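Below are structures written as structure tokens.
Note that subunit A is present in both complexes that follow, paired respectively with subunit B and with subunit C.
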Partner chain A sequence: MNQQVGIKSVIRALSPITKGILCIGFILMFSIFCKMWLVAFNLNLFIILLCFYLKEDAIGLIVSLKRIWFLLLFVGLFQGFVGKSFDLFASLNAIFKIMGIYLTATLYTRISTQNELLYFWEICFKPLKLFGLSSNELALTMVIAIRFMPVFIDEIDRIRIAQIARGAKLTRNSIVSAINFMPLLIPILTQAIRRSEELADAMEVRGYVADRPRGRYKSYKLCGYDYLAFLVMFITLALLVWKMMS
Partner chain B sequence: MRLSIGNLVIKFNDNPFLGPIEAVFDSGCLNLIVGRSGCGKSTLLKLIAGFHKDFTGAVSLDEDYFEPEGNVALAFQNPESLFFNSSVFEEIAYSLSVSGDNKDSIKNHTESWMKKWGLDPELYSNKYPYKLSGGEKRRVALAACTILSPKIILLDEPLAGLDRVGQSDLAEIIYSLSQEHIVIVVTHEPELLMQKDSRILYLNDKDTAQYSSSEFLSKAVIDNDFYPLPEWYSSTLRSYAQFYDLPMVNAEAVAEYLESYNNESASGN
Partner chain C sequence: MILFDRVSFCYNANQETSFYLKEVSFSLNKGVINGLIGINGCGKSTIARLIVGLLKPTEGNINFKNDEGTPYYFSGMIFQNPDNQIVGTTIGDDIAFGLENLNLPTENIEQLVVKAASLFGFENMLDMEVSKLSGGQKQMLCIASVLALEPNWIVFDEPTSHLDPWARIEFWNIINFLVTQSNIGIIVISQLPEDINRFQHITVMDKGSICFNDSSEKFKMLNELPKGIDFPEGWKLERLLTKNK
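And now, the complex of A and B:
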């Protein structure tokens, strides 16, 4: 969920609007149009190969799947046992769909800066202004929520280091260590809120007011690669729809 | 107890960053690590604590394999990075509670430990650690780190940001800890902690080496570029620098030293 810095690739140079639409488009493809496991598998393969081709961290992306292995296993088994006997293809289809959604979302957040995410979601939320809601505040809340997970993971890591630094011998048993960790969840949340308050103060003292109109340092324009990306997405979508209809 | 590091090269991404370092750290005396900012002092502490794994060379405790986990306490430069509980009492008692002690013994032990570090249990027990002053936070962090009495205590700039009284109080506690544990302190102000029997590991690009306190003081007085000591100390003792028994960096010790030296000279004449 964290932005990866220090990599230059075509996909990163795309406009935030293109990145956002591609992300939503692929998530829709996985959720609605993938009716066969082979199609879902091929789409996953396409994303991974694209990452290799564009010199993105494809290995890191694949390794990140270990975070959701339990979810994949659970969904696979659940979907497989829906019928009278175990349906392997239905199980694989469910697994590859979840995997695809996860890879798309992870790739999207990895290749987008905070400002790019904010820019796209602000545009998405603009119609809500009709109901008196601030699109900027909603977008900011959403981006902070996305970026909050790595902070949360960092906080857990900090506490683990703080525990070892106190000379405490931590158990190797993951279940016992998870139980020992439960009482610390409330302080972790409290500290995360405290840090967010500090961040809010820091932003305000630098003159940030969410609902004030302001300009942008960087203007985002669509270029040739954006149109190419849309073309790839629409061809893929058309193929999927055709496959579903036939 | 003796912690030895031999032929140690600290690396980052497999690239050598510092070393080779040869040093020994004993209990019964205070071990200091000094050097310029960014020279690798804190990284060396993290390496001993087992957090930095990219290195070659050996770290051994009493000539045996050294396992950091459970044997080392490390108080970070920023005391807040050690806090994760909602009260000072819980913060200090945490290590005892995970080690499975019963409630009464945890309470008694924690309260006596708080008193040792100058934290009145009645005043501080229920306070939120983040709301304390800088000096109090540091005391809480140090108390929390040392309550299990690990064999090795690593302190990263424990006196930073304290007033003179706070510094001398803490220095006293740290010195008393060093009598029973191997205490290694990273500091930019060695003169505040240095004792006659202290060992100083000086990390620098040219020649990283370990000195006795008198060797270190003598070298620093002769050559201000070697290590900058307070100007009053260097200028007063420059003519005595050839002797290896220079006094510690405090006015009283220097006055006593000069007096005894002058008396000896007078009786010699």
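And now, the complex of A and C:
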């Protein structure tokens, strides 16, 4: 997730509602309105150029794509071979769509603090109350999952190194090693359960009761930049719909 | 004062082998470092969980006497591994977590976060990522997060086991500060001989029962130590010198 907190920029100063709507909006644009590879490519370019302009870590964002290279390759090939012959444009379109969704989601988690994510997701999950589900509980679960991601990566690495020291052949970049990773699942799962039990106790001791109303450390209000961001998204969306219709 | 009055507790009453706390009665006072020691599985953590309310006694009562409790929070607990109890991504978020649970207004939360953070020098680091802190700093953050709630008692469950020697010194300085300068009762669970050296009141547990509950001075005088407990090296030397005189 690579959350980078403590950095100040225009995009980070946006309200969590704006950030969330922009993220969902761009994901929808990529998945529904991008019918041509060039449009999807331009939207990707727009996100990267925006990062450069706003002095966000655009290079880091591009480099992070290597994590999904296999998915991109698989989707590209699969989409290309759907017809009788290989369709390069359909393949590129699928690749740029996945790329765009990934870049949008990564940028969103990078520029949002935990409290901002929690605030927006709580709003999103509110309709689930009709089915008896607690919006706060769901949002907090998702935020804690993000918070513990680096801890689990460290944990996996520690167990991996311990196994290598004992003669296991575990490297990072081979499919065979992925099979060898299977025995690591049990210690990782055991650790995860133990951690989650202790975390649940720690939360309870600090007064957390599921479904009880909670206060807020930070309050959020819409400002001028939020309206500007909505305008940019609206114009982009209008252009895409116009392009699709014509 | 915490008063355990014939408290019994069982995790699973239907299972004969289940751990059983047998009619435990003892008291702990504020103003001293209370140490709770004993071998693994003797019931130290169960006692801690009963004090903070994570578990309810099956029989008996736990009374808090002469404690003017804050209107919203009573006792907090610090666990062994700081990584497993930090909820927030940033220092500010984590200190605020407990205060948010109490449903306090935003202005109050902000003030209490700054107040607790300033005790540990975190006031200018509220936006700093928790993952960038050292093990000792993470432990301090856990203490700050509990202190922000202004509890009457804090229970530390083996708090020094994940700390390096320098962080341990820092930790004990904080504990001494809390005991002398605040009105918070301190209970520390530990098995390390060097920690026993710091306790002023010692409670020893063995197989779900209390086998000693008195001052550290009287503990020093014991001729036979409970199973699995060892004196700190300094105490051993002291006893040897007294014997040879």
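To be clear about the criterion, the second predicted complex is superposed on the first by the 215 of 246 C-alpha atoms of A that agree within 3 Å, B and C clash if a C-alpha of one lies under 4 Å from a C-alpha of the other, contacts with A are read in each partner's own complex, and residues count from 1 in each chain.
Basically, a residue touches a chain if its C-beta (ideal position, glycine included) is under 8 Å from a C-beta of that chain, and two chains touch if they have at least 3 such contacts.
Being a predicted model, the structure only gives us computed values, none of them experimental.
Using the contact criterion defined above for the overlaid structures, shared-chain residue A:L130 touches neither subunit B nor subunit C, since it reaches no partner. Legend: residue contacts after superposition of the two complexes on their common chain; A:S219 is shown touching subunit C, with no touch to subunit B. In the superposition on chain A, no contact is made by A:M245 with either subunit B or subunit C. With both structures placed on the common chain, the touch criterion links A:G167 to subunit B but leaves subunit C unconnected.
When the two complexes are overlaid, the chain among subunit B and subunit C that reaches more residues of subunit A is C. Of the two partner chains placed by the overlay, only subunit B lies in contact with A:Q191; subunit C stays clear of it. Listed in rising order, the residues of subunit C touching subunit A in the complex are 49, 52-54, 72-73, 76-77, 79-81, 83-90, 92-93, 96-106, 109-110, 113, 127-129, 131, 145-146, 149.
Every residue of subunit A that touches subunit C in the complex is listed here, in rising order: 3, 5-6, 113-115, 144, 146-147, 150-151, 195, 198-199, 201-209, 212-219. Listed in rising order, the residues of subunit A touching subunit B in the complex are 158-159, 161-170, 180, 184, 186-188, 190-191, 194. Subunit B meets subunit A in the complex at residues 49-51, 69-76, 81-86, 94-95, 98-99, 130, 144-145, 147-148, 150.
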